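Each of the next two complexes has subunit A plus one other chain: subunit B in the first, subunit C in the second.
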Partner chain A sequence: MDGYIYNWNVVWQSMPELRQGLIITLQISIVGMALAIAFGLIFATGRLSQYGYIRKISVGVVDVSRSIPLFVLLFWIYYGLSLKFSINLTAFQAGAIALGITGGAYMAEVFRGGINAIDLGQREAALAIGLTQSKAFFLVIFPQAIRIIVPQAVNVYVGLLKGATIVSVIGVADMIYVAQYVSLNSFTPFEMYSAVGIAFIALTVSVAGLAFLLEKRLNQGRARG
Partner chain B sequence: MARSLILKELMKQTMAEALLQIKNVTKQFGDHVVLKDVNLEIAKGEVVCIIGPSGSGKSTLLRCINFIAPPDQGEIVFEGRSWKKFHSAFNIFANRKYEAQLPQLRSEIGMVFQHFNVFPHMTAVENVMLGLTKVRGKDRATARKSAEQALNQVGLGDKIDQYPEKLSGGQKQRVAIARALALNPKVMLFDEVTSALDPELVSGILDEMRRLAREGMTMVVVTHEMNFAFQVANRIVFMDQGKIVTTGTPDEIRNTTDPRARAFLSSILG
Partner chain C sequence: MDNAQPFFDFGPIWESRWLLLEGFGIAMFSAVAGIFFAIVLGLIVALMRLSRFKVLRGIAFVYTQLFRGVPLYVLILWIYFGLVYAVGIDIPRIPSGIIALALLNSGYLSETFRSGILAIDKGQREAGEALGLKKWEVTRYIILPQAGRIVVPPTGNQFVDAIKDSAILSIIGVPELMKIAQEQANLFYRPFEFYTVAGLMYLVAVMLVSRGVFMLEGRLARYSRSKGHDESSETAPSASEVNN
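Now for the complex of A and B:
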């Protein structure tokens, strides 16, 4: 970029807004992830159900929600619900729900994969001592599956974190929105978006670090499932 | 002559007070019929060894007894109560009600598996305690005491707080045996429990089972250990292709005239 004069001052000047944007990104991704975990659990349970029709419905819902671009989903939820059903969500709510649905589809697969990875013998042994199906699941299967689920759930969360940048299109004042807004006046998109990029690298690395500690805790002195 | 009469008399008695009856049990996985109309009665205190080539349905039969793999047809009668498979394609509540009863049957029947299936996220003592606290409803202190006792009995008194990761195959299998015994089962099912063990560890587990047999435990043992079967069993059942081909005392089986049983025995005994 010969001849381009960098103006990093703009970044420093808009730091309070960027920080606010970062907090919103975090908030929306955390709420989105919470929803994703809830949806994921529901649909993973559905896919592992002993009833064929529940399995089929769950597969369908997961496949459809996984294939809708987040961008489109966001528009449907924010504008579509408002137009068709007069359900008026705030931009934040719409964003979190869209993230929850997309993330939920992935989480369903993560849960299913983790549970299926546990040897069938574990379930047999749990049932054989007289545990009920649900106790066998929560006391024997899930505690082992969670070690497989956590690292993959972190991947899903990092995806949601980045996906969360898309909510700027419906006017949520996240970091991207701030960067866009500031650049319009100062003509410094490169600096602003780079700042956002660096913030995301820092976020992702911190999340990965936390996940590493969590995994270490889960595996303390114990064999993998 | 007199001896055979006594035997017959004994048989009649055992028939009358069979602890466990397997009646016309059929089981299939998809199109593959694994068990075809199997009938077997097991008296209290009896040790029955089931032998036969792999794929003959021995393990499936064990799993039918405690409904881990419920029989598709037929019934299991345990202590006079009949158990039949129930499944409705749509009525979730009826299925729930049926499934809620099964733990009652299963907790009276101990099972030990080929691949141990100890819970890797729990220590030895926690493995044994799980059934005591979550099935029998004992408080943790009482459960821990009984669990330690059970582990002591199988010679694992010094491994109580170890995770399975740190235990050998033989020790894991001992944990599994203690886990089953701690619930005071009325019958124990053993599913090829020495097949996954290193050769030098096999005899220790077999000794454990001999001890149980001596103590009067009712046992159904699927095994390839012919010496054990001939020594310990009251009755040997030979299965092939999902059916019970022949059954008898160890002596009767040793001298069997059934061609399939003969072929199997000579292949395994050499």
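Now for the complex of A and C:
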């Protein structure tokens, strides 16, 4: 402990910037999640398609995007793709797209799992009483699947929230970016990173708690087996 | 972009192939070491969570919440930059990265192990104790070997995550694949080519490990009497299954 003086004041002083950083993290993770849901729906539907090649492509896309580290994806999009094809992407946009692709791969599996978990008899019964294919899906299958999907989707979101921290590497001014900047000037990395860590734990624990409550609510209307 | 240069040029990749492979080796080493310590820590924490003593249970609970909630990026910065200043412990880059990977993954693995242990029928413990084995002997020789079989697939998936996460070690300067790719991309001014190849290298590693886990899962399922997981994630359901 060679005479290190803890300086927690720095954390309080940089609170406005940290709060701004937190808002950016929330924004980028929400945009990323929206993209992930869209991406996930497309490829989950693709995987349930009646055409073999569409199924194969969907499986391939999901497997590939799930296997590439978010960090690599981010650099590939922001430095590789945008430079090569002269696409002007802001760091925020590149980050959101990378989060959307990674999250989308997980969401595709979540959607597929949720829909597959519904008993086939439900669909058969719906068709037997004269509902069309799409009505059977939207009125019978989907409302049941959503109960399974929502809690898992929240887990994916928590993952994206944590993943969103790496966008500071390409210069998005999130909490880590602020912490790095502040600690460079005041030599207080311990305090700053501790504060950011605690903020994140509080955030993820509360989102997970929310998911738990939501899960209980969604299960209320369900028959007990 | 300069017109004199080819649009795609993978020549620089070939020039720096040994560097990239060395980086790949360091990435794999970090992931393997990280997951190894994560398994050890995770098992200890899982047993603590199932302990009779409230204090141990409490500590283990906080531990899991902590390391499942904190982003790896923050954890790495905290260990590598934060601890040096505050406590004066100067941990070199690669060990810092491995410690971060181990702590983070142990949070998840402890939950996996706990549910694996809880999945073993209570009768097994009772039967063991009826035979006169001590409590720890029952845990060591009867419960853990059976639970081990259950937790292999999720542990394998955690290993896959560790491989992907190891890319983040580049931010503290660990010379792993991503760091090398960054350096070489800047050197040759070919970011697209280098990040594509780096991505493909991670892809191959992840696919091979996933494949291995899947095969192992199949092998282990043969030994267990229970049905095991029958959601075959590898094969897409055929159209007839879905539509009829």
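Convention: the second predicted complex is superposed on the first by the 219 of 225 C-alpha atoms of A that agree within 3 Å, B and C clash if a C-alpha of one lies under 4 Å from a C-alpha of the other, contacts with A are read in each partner's own complex, and residues count from 1 in each chain.
Operating definition for what follows: a residue touches a chain if its C-beta (ideal position, glycine included) is under 8 Å from a C-beta of that chain, and two chains touch if they have at least 3 such contacts.
Since this is a predicted model, take the numbers as computed values, not measurements.
Applying the stated contact rule after C-alpha superposition, one finds that A:83 touches subunit C and leaves subunit B untouched.
By the document's definition of touching, of the two partners only subunit B reaches A:144; subunit C does not. By the touch criterion defined above, A:47 lies against subunit C but remains apart from subunit B after alignment on the C-alpha atoms of chain A. In the superposition on chain A, contact is made by A:70 with subunit C only, not with subunit B. Of the two partner chains placed by the overlay, only subunit C lies in contact with A:6; subunit B stays clear of it. In the superposed model, A:130 lies in contact with subunit B only, and not with subunit C.
Touching more residues of subunit A than its counterpart among subunit B and subunit C is C. Touching of subunit A by both subunit B and subunit C, each in its own complex, is seen for residues 50-52, 124. Taken in their complex, subunit C has these residues touching subunit A: 1, 7, 65-66, 68-75, 77-78, 81-88, 160, 163-168, 170-171, 178, 181-182, 185, 191-196, 198-199, 202-203, 206-207, 210, 231, 233, 236-237, 239, 242-244.
Of all residues in subunit B, only 63, 66, 68, 89-90, 92, 95, 99-100, 102-104, 106-111, 113, 115, 117-121, 130-131, 134-135, 163-165, 176, 179-180, 183 touch subunit A in the complex they form.
Of all the residues in subunit A, the ones that touch subunit C in their complex are 1-2, 4, 6, 47-52, 55-56, 58-59, 63-64, 67-73, 75-76, 79-81, 83-84, 86, 109, 113, 116, 120, 124, 162-163, 165-166, 168-169, 176, 179-180, 183, 187-194, 196-197, 200-205. Those residues of subunit A lying in contact with subunit B across their complex are 50-53, 119, 121-122, 124-133, 135, 139-140, 143-144, 221-225.
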